[in-house]
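Each structure below is given as structure tokens.
Heads up, the next two complexes both have chain A, just with different partners, chain B and then chain C.
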Partner chain A sequence: MTLLRLILERLLTTLITLFGVAVIVFVVIRVVPGNPIAMMLPPGATDADIDRLKALYGLDKSIAQQFLIWFGNVLHGDFGTSITTRQPVLSLVLDRLPATLELSVMALVIAVVIGVTLAILGTRLRGHRAEAGIDVANGIGLSVPDFLWGLALILLFGVIWPVFQISGRVSPRLELPFTSQFYLFESILRLRFDLTADLLSHMFMPALALALPLAAIISQLLKQSLKETVNLDYSVLARTKGYSETRVILSEALPNSILPTLTLVGVQFTFLIGGTIIVERLFSYEGLGNMAIDAVVNRDLPLIQGIVILFAILFTFVNLTVDMTYAVLNPKLRHA
Partner chain B sequence: MSGFLEIRGLSARLAGTGQRLLRAVDISLPAGSVRGLVGESGAGKSMIGKAVLGVLPKAVEIVEGEILLDGQDLLKVPPAERRRLIGAKAALIPQDPLTALNPSRRIGPQITDRLVDILGWEKARAASRALEVLAEVSIPEPERVMRLYPHELSGGMRQRILIASAFAAEPKLIVADEPTTALDVTVQKQILKLISALQARHGTALLFVTHDLGVVSKVCDTLSVLYAGKVVEDTTVERFFAAPQHPYSRALLAATPRHTDPAASLQPVPQAVIDAAMAEIAAADAAWSAHG
Partner chain C sequence: MLDGRGLIRRRAGARLWLSGLWLTVFVLAAVLAPLISPQDPLAQDLMLERLPPAWVAGSEPGYWLGTDSLGRDVLSRIIYGAQVALAVALVAGLATCLIGSALGLVAGFYRGWADRIISRIVDIWMAFPPVLFAILLIAVLGTGLTSVILAIVIIDWTRFCRVVRAETLNQSKMDYVHSAKVAGFTRLRTLLSEILPNVLPVIVALLTLEMGIAVIVEAILSFVNLSISTDQPTWGGMIAEGRTSIHQAWWVLVFPLIALFFTVLSFAQFGEGLRERFDPVLR
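Moving on to the complex of A and B:
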């Protein structure tokens, strides 16, 4: 019952947040210098031409009026038409969303696998010299941002030892039988593992670049928590029962240390999604982030608004998921 | 006569500073008997319990000595085998029931884990054994309790569960590390009686670490008085309360509150006694250093 109430409360606050985001974005992109009309007209266009186009796109009205018109349309599910491609914003954005979701989730999986493994290893080897090595690796992971990891990976796996694809989402010559935009997911469902391999080969480097900073955060935080937990009374009691150090870490300490880490992973995952904007650009990965940069460069106002709203929905959804997982995993909250 | 647990000349120090923590400790505990380890905080009584169970902090280094459990020197067997040996033959009743149960695991598995994972019992047999010992420590509805999480139970209940868990594998030795210190006074008595009754019924050897001489008089057969990591008196309970031999023991006994005249009986250990004890220890240390 409490879980249901939590979800309802969060949905309500989400709606308010989204409205705020919409207002801010709408105003900001209209106040900053540069406008879409200038991008569309050839050099030497007259003021009359500019005014005519402005009126055509409704840009001659006040910002408040523009917002009311746009918001009214949004309530009917119409996010407007992209100025550059002249296609509906909603379908453009929803077309790209799966690519970014697949990339982000893949990055999250990689980050969790690397982070948790290093944390367990570091706890097991605490006091040894190898622990210092893991701390150094964490430090490097934390201090290098995702796009620099991207450049380093391109150099390493694209140039020096070219084993992975450095550009795009899938090899262009392949014929794709997919009906959805969730290529990776669908390739597995259709048992087309040749396509899965090609997709993974493209996805690996951007996902790893996004994952490494998060992996370092997970590793550092989880290790710190594990090192405290393995000295608690119940861990000592487990040792007197005859359990090995590894077993104590895995079955006594880990279940108690994973919860505080989870909250942080949720917050950090939203940063990771934000990171897709530059990293997708770097790898020419056809996702939402790449499209966002194009939209900003072209001053495609309706498209920018659509993308930002979608990112905002994504962020609040991730936070809600984390809160719910926390409630389900924590026995004290579950029985409350 | 050699005991089920036999500690001989056990010395330990702090790894960094070299500070001596245990000074040639000798303790003998025959099968089925109860020995109290008493002393003030920092005297090393808990450390002896931890050394026996193989859970000394990493900073503590054993310099010399033997810990014979059922005739086998624990300090000479490889770590993996030592863990299994201790898990099979010994058990711990911990000090604080609120922190000694894992908050994210159900009660049942926390009792049966040793039986299944270390002793290799069938799961069904381990579960029925767990129900049996829970009933033995008077836990109502043991089937339901097995499915609960620790936070759903009171401190007294949790200590009963930890006692049940300690006795579940029928160990020959149990180390009780101040098992009543963290409990309400009203619950303390029941828990003490329970441990005593179970010990007598199962014939378990019990090493009872405590700072409470009242507890010692109720539960123990023999006792070792520790001061600064040294056993200053090793005697039976009757002889100790009738006529303590060491000046420190006498001072300790004098410091115990009595119902008849509470104010007068609360005597701090006189400085002269502490000085004498320290001098004795310094002399022993000097002799030890000379021969080492």
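Moving on to the complex of A and C:
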């Protein structure tokens, strides 16, 4: 199979998946018990009012027609109007997206740093007691989800030794000069490092909670792969040339162990993004996830639809990028 | 490293024993809750609000782990909370396992259009963030224990389906499957009597893992107040309350959190221990 054909096929399945997502979201929302119209009307509304509103939202048409109209709107980027705030869903959602992206990327960076460091340490100290310690830590990191890590961190760094902020994205008393929602990024560009410090102090714990399970996965897989490569011919040759063990690991084994780890990190990154929903809630961090839970509690259906679809697009996009990167980097596929 | 296998076996043994011990305590607590709880888990007493645990000054006898802001006994609520956790772990875990494994076996063994349809649905499912999906389903289905279990099953069957499908594909290529064909076994008999027993260790390991995940999902739903009614104590509900009074009464958060932590960890480690013990490659 050629690379081009592989890419085209992958794009096609992505489109099918996204269409499937749209169908599922539409079906789930439409079977909601409790008429959405009834929630929008003031008490004492007449039947004529109800019919007028139904016609306004297209609810008087058949389900298939409703789906086509709705799907057409979604394709144009029209996700409707939020019931609680009366603002367009798309702008509400895009306003919150940067906060969630900054948090996810920060968590990814932390996970890679911790995971790679532990894997290299574990390989360097293989056979020692310390390796068993790293294995136990990985086992715990893998079994305990982000929600519990978040709570444990709140206790540790919020209460017992209160060095980090436990709620919000930025201290409310600060004046924010930002023109975009990418606060962290913009604070660095504007050289306002006082703001960067405040943002990081809020972001650190939720990001670490999201990062720990992924760090454990990276560490386990990379260590396994490093332990295989340090015994291969080129590593042995490097050792006979007089390279130190650490240098053999860093310059010979590591570059050859990166690819399988990279694929896994990509797939796991979507789980990390999914984790932001409850972790943002836990830390009252003002991102998409927190907004999603509020939307469900307030039964704001258009807003829920918009958020779910945006997350689905984000997920499929990350998966697509990973597959493409893998296809391009993997020599077996490239020269097939 | 001289005795690699011995090392693995010893570690797997410790894993199985420790996690098995905690899970036994957990199951006994849930089953014997009415007999062993020191207090009524729902009894409120504003004279006894926010009592600290027994070893801290200002505590009252009989309230070992203190009380919450309504004067309810934390230990009794944790013991009763184990009931919901156990029910969700067993029912949601088993149902998810049955549905997901059946679809995975079919997709991996029969291939063809069945595989294409099932795999495409799995792809679509994977595009939803699980927690958001769960919350959305609860909003649609309404709160209650049945809805929580149903939501977990609807979301998580794909975990079994993906792994079992891949494992079935591997097994189908083995010689013994070919022998069964030559011996004149029907396709269904080959699947059930030859392939299924070989896929079973993977399914069992996933099942215990899934039970832990089910407990967490229930706790998350209780935490955002979307699980079951407030009459039944849940660990997630207690954690949500503890989160708001963390500076006044740390024990309301800490103890249910420890219970949840060890339960989830034990389910995962028990599954891992079983897998290591029964994995033919390691054995």
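Definition applied: the second predicted complex is superposed on the first by the 278 of 336 C-alpha atoms of A that agree within 3 Å, B and C clash if a C-alpha of one lies under 4 Å from a C-alpha of the other, contacts with A are read in each partner's own complex, and residues count from 1 in each chain.
Here, contacts are C-beta pairs under 8 Å (C-beta built on N, C-alpha and C of every residue); 3 or more make two chains touch, one makes a residue touch a chain.
Owing to the predicted nature of the structure, the values given are computational and were not obtained by experimental measurement.
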item: Clash or fit, chain B versus chain C on superposed chain A; value: fit
item: Which of chain B and chain C A:Ala152 touches, first, second, both or neither; value: second
item: Partner chain in contact with A:Ser91 - chain B first, chain C second, else both or neither; value: neither
item: Touched partner set for A:Asn73, first chain B, second chain C, both or neither; value: neither
item: Contacts of A:Gly127 with chain B and chain C, given as first, second, both or neither; value: both
item: First (chain B), second (chain C), both or neither touched by A:Gln65; value: neither
item: Touching partner for A:Thr17 - first (chain B), second (chain C), both, neither; value: second
item: Which of chain B and chain C A:Thr117 touches, first, second, both or neither; value: neither
item: Which superposed partner A:Ile277 touches (first chain B, second chain C, both, neither); value: second
item: First, second, both or neither for A:Tyr234, with chain B first and chain C second; value: first
item: Dominant toucher of chain A (residue count), chain B or chain C; value: C
item: Smallest separation in angstrom, by C-alpha atoms, between chain B and chain C in the superposition; value: 6
item: Those residues of chain A which chain B touches in one complex and chain C touches in the other; value: 127
item: Touching residues on chain B, where the partner in the complex is chain A; value: 53-55, 58, 80, 83-84, 86-88, 90-92, 94-96, 99-105, 113-114, 117-118, 149, 151-152, 162
item: For the chain A and chain C complex, residues of the former touching the latter; value: 13, 16-18, 20-21, 24, 28-29, 31-33, 126-127, 132, 139-140, 142-145, 147-148, 151-152, 154-155, 158-159, 270, 273-275, 277-278, 281-282, 289, 292-293, 296-297, 299, 304, 307-308, 311-312, 315-316, 319
item: Parts of chain C lying in touch with chain A, wherever the complex brings them together; value: 1, 11, 120-121, 123-124, 126-133, 135-140, 142, 212-213, 216, 219-220, 223-226, 239, 243, 246-247, 250, 253-254, 257, 260-261, 264-265, 267-269, 272
item: Interface residues, chain A side, partner chain B - complex; value: 127, 232-234, 236-244, 247, 251-252, 255-256, 331-332, 335
